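Got some structures for you, see below.
Shared between the two complexes below is chain A, which has chain B as its partner in the first and chain C in the second.
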Partner chain A sequence: MSFLLKTKQRFAKLFGGLFKKKQMRIGIYGPPNAGKTTLSNRIVRDWTGDAVGPVSEIPHETRRARRKEGVKISDEKGNSITIDIVDTPGVTTKIDYKEFLEYGMQPDEAVVRAREATEGVAEAMHWLREDIDGVIYMLDSTQDPFVQVNIMLVGIIESRELPVIIVANKNDLPDASPARIKSAFPQHPVISISGLEGNNVDELYEKMIEYFG
Partner chain B sequence: MIQGVQIDLISSERLENLTTLEKVRLILEKVMEGNVVVLEKGLTPDEQSFLIETTMREITPDGFAGIEMETYSAGSESSHKSGGLFGGLFGKKESSTAGRLTVIGPANQMKTLKKDKDLISTWVSSK
Partner chain C sequence: MPHKCAQCGREFKDGSTDILKGCPSCGGKKFLYIKRADLHRDVLEEKSIEEIAAETKQEIIEIPQKAPERTEIYDRIESIRVLSPGSYELNLEKLASGDDMIMQMGSDDKYIVDILSMAKKKKEGKSKKNR
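Up next, the complex of A and B:
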């Protein structure tokens, strides 16, 4: 190999390392119990064999943002992206510990869960302002999407000019209405899936490669 | 003694001169006292984000439980007000993304808060 070629390769490696684009951090956002951790677990399990965190039907099971680094997603055509997946606590404007008592929790336990949940929501908002490069916004398609917290969150994401894919989750349930979510957010791609059953997640992976790649 | 709820209607002029922190403090202080706040002009997305974060930090067991909020989206009206091409090029981004009339109140007193296309209605209980 000639001296010139070797030198060129060394410079390319050096500058490539210096200016290499950092890995995109994709935040999974949405209201409580939309299925954010179920989807995070599915993505991470499908592509790394690992998991992100536990799930529960009691709201605010996820009370800390959890990041899984270097998740490589590929499609059949050979396209791929490598991203960090950030599973975030469900965003809300109110938390009352008494809500958890209805699930059979003891008052002390419910108060601690509520306090951790408030810290988690604040942390999720902070991540969104500072450290997130793209968003998967999860909605439960059996619920009304036209609630203020969704409108507000999507507005915040838009104002930061972050790419966003809306996921209409729980399409395996009889009351699911992904069409209602599409009509609520016509300006963004909406993918209907079941994170639990795995319905249509391949379409989501293709859209993630196209959108975040 | 007459039971009631205080409603504070805050003009856009009053809000315009405040920083994000001051706006959020003003709103939360009133809401935490049990008042319903009506803003003539809404908050920007960044201010909303900060309001959620600060609200979470103020929640206490058997005390303040958070807020309920409804607003008319900025929609087409604000884009018309942005001043056309030059407004778009040189105008303040914050003002063009700010919402319109906004109602904010304590979550444990606002039993219902709903918005139809052009009507926000709420039922508020006293403390």
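Up next, the complex of A and C:
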């Protein structure tokens, strides 16, 4: 009898472990200066009152992936999801310290930043492979979306069969063109927001509940 | 019958395959098929290979040159290329496909292979299986 009980318990534990609902881990990806940390901060502030990290106009401010666990997002209809938000370093194929010098950074400081940013990209790609269940791909809608890094990274995300929401950020700026981003990625939902001003983020939250829930 | 390089006049034995890669002396890609008797005419009569070709009515053959294929960054083996301190080129597909790191230092074929990162990957795979 005790043997049966033990076996039953063991199986229950095993299957419980297998089917335990994991919290969705949503990675915010995109090129440098798209506004990933600004959006992460907004999501986390809106739903937990906390923040994720500092923002800067100098590219590669975020050089380590930052995570906020257990962020519960809900809509008016009472639907909700609890997710982990991962703010990742900007993904790019070229990092040159000279770029930072233009922002008045000292050369030695810029070289360190470039090295850390490189490590950051490697880390972001590692996360994408190991730990991410869904992606918010951020783009600056004042910039051309048809650049190789975007096409490639979205391709990599698609090849991993992860759900993607494309966010066309910075719609508060006069030369923003979310339509261009929509035409670049017709296969994914595109939400036009301003992470800074908070324009239209509610639509993004609804989409996140619908898409990642 | 032998060939002669149209650029520097170097002679090649009949059937030599050397000319397929271009002239080893000058890198020339054009060769004239020449009669053995005429082999030294260009030097003796101070004529250019083109003139000899016109006289012997032989065509100067040209080795087709392959356009140097540019290796796309994503086909390369390294995950990160360190161009100079503080300047990097990242191979995103490589980085996305695994944790193993191969770094290329500068534009020379100097590589650093991070063996530890490759070992780590295997170990992780194992522990996942055990779970």
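Note that the second predicted complex is superposed on the first by the 195 of 213 C-alpha atoms of A that agree within 3 Å, B and C clash if a C-alpha of one lies under 4 Å from a C-alpha of the other, contacts with A are read in each partner's own complex, and residues count from 1 in each chain.
Convention: a residue touches a chain if its C-beta (ideal position, glycine included) is under 8 Å from a C-beta of that chain, and two chains touch if they have at least 3 such contacts.
These numbers were taken from a predicted model, which means no experiment stands behind them.
In the model built by aligning both structures on chain A, chain B clashes with chain C.
After overlaying the two complexes on the shared chain, residue contacts for A:97 are found with chain B and with chain C alike. In the superposition on chain A, contact of A:151 is made with chain B only, not with chain C.
Contacts of A:52 after superposition: neither chain B nor chain C is touched.
Looking at the shared chain after the overlay, A:114 reaches both chain B and chain C.
Counting contacts by the rule stated earlier, residues 91-97, 111, 114-115, 118, 121-122, 125-126, 128-129, 152, 156 of chain A appear in both its interface with chain B and its interface with chain C. Interface of chain A with chain B (complex): residues 91-97, 111, 114-115, 118-119, 121-122, 125-126, 128-129, 148, 151-152, 155-156, 158-160. Contact residues on chain C toward chain A in their complex (touch as defined above): 73-74, 79-80, 83, 85-93, 95-99, 101.
Listed in rising order, the residues of chain B touching chain A in the complex are 44-46, 48-50, 52-53, 55-57, 59, 61, 65-71, 73, 97, 99, 107-108, 115. Here chain A touches chain C in the complex through residues 91-98, 110-111, 114-115, 118, 121-122, 125-126, 128-129, 149, 152-153, 156, going by the rule given at the top.
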